[in-house]
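Below you'll find the structure I mean.
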Amino acid sequence: MDLAGLPPEYPLGLAAALFAIGAFGVVFRRSVIVVLMCIELMLNAVNITFVAFGRELGDMAGQVMVFFVMTVAAAEVAVGLAILLVAFSRRKTLDGDEFASLRG
Amino acid sequence: MEVFFSLAKIVVAFVIILQLTLLLLWVERKGSALIQDRVGANRANLFGGLLPFNLGIVNTWMADPLKLFHKEDIVPTEADHFLHWLAPFVAIVPLFVTFAVIPFGDVLRVGGYTIDLVAAPIPASVLFVLAMASLAVYGVVIGGWASNSRYSFLGGVRGTAQMISYELALSLSIVSVVLTFGTFDLQEIARAQGQLIWGVIPAWGVFYQPVALILLFIAGMAESKRAPFDLPEAESEIVAGFFTEYSGSKLSVFMMADFVEIGIVAALVTTLFFGGWQVPWLGREGFQFPGGFAIALPSLVVTLLQFVAFLVKLFVFCWLQILVRWSLPRMRYDHLMAFGWKRLLPLGLVNVGLTAVLVLLFDGWTVK
Amino acid sequence: MIAFWIVALFALVGALVVVLHRNPVYSALGLVLTLFQVAVLFALLDAPLLALLQVMVYAGAIVVLFLFVIMLLSLEPEKRLAAPFPVAVAGLVLAATLGFGLVVSGTLPLRSGVPSRLPADFGSPESLATNLFTKHQLPFELTSVLLLVAVVGAVVLARRRS
Amino acid sequence: MEPYAALMASFVLCGIVAAVMVCASWILGPKNPTPTKLEIFETGNPPMGSLRGMRFPVKFYLVAIFFVVFDVEVVFLYPWALIFRQLGWAGLVEMAIFMAILGAGLAYVWQVGALEWD
C-alpha cells in the first residue's frame, strides 16, 4: 500500500463534496439537531483540507489546527445541544422554522 | 513470507481472544459455583461420561454456544429491525480488533526472520485501545434504542452514562502511564519493563504507577458493565437491560462482548503494569538472575516462555475480575456516578500532576 | 489508492444518510460512518495521532452526545423532512456552487517552494505534539477557556430549564 | 506488511466472524414466530403504549455534555504526556495553567450540584 503517492487533489475533492453536502443539509433540513450534525460534517471537511494541505506543504501546523477545530466542535456541540434542550422544552419541537420567533 | 507471518499473527491474536472468552465463560460458571458452594455446570461430558470426574468444561466450550446458535432468532415487531441486527455486530467488532495491537511476545526468530509478536504494530497502540473502547458504547446505545422496549431503553441509557463517566478515569490512568514510559507503543512499554530497578526488581509499571493501576482496574470493570457496576443489565430491576429483547446468537454475542471486555482490561493491566509478556530476569538470551547467575536458553524457548507468561498473567487478571464480580454487591446508581466523577476523576488528575512533577524531579525514577 | 476510493465512497454514503434520512438516529449513525472514514483518511495522510483522536472525540464523545439527546427527547422520524421546495432548490444550487468552487480552488497548482520530500518523521505523534506545545501555546491555553465557557454555559442553560 | 494493512485485515477478519456469529441463529435456528413471541417483553403483561414520548431527567444530558468537554481536555493530555520529557518545566507550567482553568470548570460544576444524583 504505497500511500505516499496519494495526490492532494483526491482528499481535497472529497472534502469539497462533504462540505457541499453539509452545506446543503444546513439549508435543506428543518430539524435543528440534524442541522448541527451537518455543521459537524462541514467542520470535518475543513479538517481534511487542513491535513491534506499540511502534508503537501510539509507543515505540521495543519494537523495542529485540526486539534483546535475538534475542540471548537466539541464546545459548539455542548452549548448547541444545551440550547436545543431549552428550546425543545419550551416549544416541544425541533423544527428550525418554529424558532424564528425566539428572539426578543 | 512476510505477509504470511502477518496473517498468522492476526489469526493467533484472534484465536487467543476467542478461546479466552469461552474459557472465561466456563471459569465464571464453575468459579461462581465454587464461591457460592454449588456444583455448577456438570452436564455435558466428553466421551459419554466415561471420565470419573466432570468439570463441565464441555458445557461452555461447545455445548452452550452451539445451543444458543440453534435457538430461534426473535426480532420484536415494534423494534427497528436494521438497528436490532446492527447492535450486536457493532458491540463486538471494536472489542475483537483491540487484541490486534496487544503484544503477546517479544520477537520470534524463525529461519532468518525476526517477527515482532504483535499482530498490528501500529505506533500509537495505547490510543487505539482507548479509541476502540470508546466505540463500545454504540452497541449498548443502539441495542437499547432499537428494541423499543422500556427495559432495554433504560438499560441502554444507564449503560451509556456509566461508560462515558468511567472512560475519563480510564483515559487519565493511561495518561500517567504514558508520562512514565514516554511512548504510545504497547510493545515498547512492554520492552521497557524488562529493565531492573537497582539491578534486582523488574521495572514493572505497578511499581511506578500503583494509583493508575487501581484507576484502570476499577474504571475497566465499570466499562465492562459487570458487578458491582452491572446496573445496565441489573436483572432484579430491568430484566436484562439493553439486551432484554435479544435471543439466540445475538444474545450470545452481547454476552461474549462482556467477556472480551474482561479480557481487554486484563490485557491492559498485564501490559501496562505487569510487564506484558516479560518473565522476570528473562532476556532474549536466557535468564540473567541478579548476582551474576545465568542460564542460556535458545531463542524459541524464550519466546515460548514469554508467550505462556503473557497468557498466565492475562488469565490471573481475568480471574481477579470474576472474583470481584461474585464478591461484591451492586452499587446504587447515584453512588456509581458520584464515585466516577467525584472520586476517580479528581484522583486521576492528581495522579497525572504528581507523576509529571516526579518525572521532572527524578528522571531516573522512571523508565527511559 | 483503492483504500482512498473505499474511504471516499463510505464517507459520501454516510454524509448522504445524515442529510436525507428521516430518522435522526440514522442520521447520527451516518455521521459516525463518515467520521470514521475521515479518521481512516487521516491515517492515510500521515496523521495517525489525529486519526485516533478523531475516533475518540467525534465518534466516542460528540456523536454519543447527539444520540443521547435524540433518544432522550425520543424524537420521532420527521414527517416533513425538508424545507419548502424553493429553499431546497436554493440549497442545492448553493451546495453545487460551493462544491464546484472548492474543487476548482483545490486543484489549482500549489504555490512553489513546496518541499518535494517530507521529513522522515513528518506526521509522527511526537512532531505533532512538539509543534502544538512549542509553537501554539496561546491557542492551546485559550482552548481551555473555551471549554470552561462551554461547560458553564451548558450547566446554566440546563438548570434554567428545570 | 504495513501495520495499518494488518489492522485492516484484522478488522475484516473480526467483521466476518462477528457477522457469522450474529447471523448464526437466523441460519440455524427454527423460525416459528407467533404474535405473542414478537411482542415486547414487559414481564408478561401486554406492553403499555409506545416508548416514544418517554422523557428523561436533565442529569443524563449533563453527564454526556461534561464527558464531551473533559474528554477533549484529556485528548490534549496525550500528546503532552508523550513529549513531556522534552518540554520540561515549561511544559508543566503550560499544562498547569490549562488544567487550572478546566479545574475551575469542574469545581463550578461540582459546586452548583450538577454532579448530584439525588
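Note that the chains are named A, B, C and D in the order they appear, and that numbering of residues resets to 1 at the start of each chain.
One rule holds in what follows: contacts are C-beta pairs under 8 Å (C-beta built on N, C-alpha and C of every residue); 3 or more make two chains touch, one makes a residue touch a chain.
Bear in mind that the values here come from a model prediction, so they are computed numbers and not experimental data.
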Labels of chains that are neighbours to chain B and to chain D: C
Chain centroid nearest the full-protein CA centroid: D
Of C-D and A-D, whichever chain pair has more C-beta contact pairs: C-D
Euclidean distance of C-alpha centroids - chain C vs chain D, Å: 18
Inter-centroid spacing, chain D versus chain A (mean Cα positions, whole Å): 21
Separation of chain B from chain C, taking each centre as the mean of its C-alpha atoms, in whole Å: 30
Centre distance in Å when chain A and chain C are each reduced to the mean of their C-alpha atoms: 5
Residue list for chain A, restricted to those that touch at least two other chains: 1, 67, 70-71, 74-75, 77-78, 81-82, 85
Chain B residues counted as touching two or more neighbouring chains: 122-123, 127-128, 153, 157, 160, 164, 167, 184
Per-residue overlap in chain D, given as positions that touch at least 2 other chains: 4-5, 51, 54, 56, 58, 60-61, 64-69, 71-72, 75-76, 78, 82-83, 99
Touching pairs among all chains present in the structure: A-C, A-D, B-C, B-D, C-D
Touching residues on chain C, where the partner in the complex is chain B: 25, 29, 32, 48-49, 52-53, 55-56, 59-61, 64, 67-68, 71-72, 124-125
Interface residues, chain A side, partner chain D - complex: 1, 67, 70-71, 74-75, 77-78, 81-82, 85
Residues of chain A touching chain C in the complex: 1, 3, 5-6, 8-31, 33-34, 36-38, 40-41, 44, 47-49, 51-52, 55-58, 60-61, 63-64, 66-68, 70-75, 77-79, 81-86, 88-89, 94, 97
Residue numbers on chain B that touch chain C, as the complex places them: 80, 83, 122-124, 127-128, 130-132, 134-135, 137-138, 141-142, 145, 153, 156-157, 160, 164, 167, 184
Contact set on chain D toward chain B in their complex: 1, 3-7, 9-11, 13-15, 17-19, 21-26, 28-33, 35, 37-43, 47, 50-51, 54, 56, 60, 63-64, 66-67, 70-71, 74, 77-78, 81-85, 88-89, 92, 95-96, 99, 103, 106, 110, 115-118
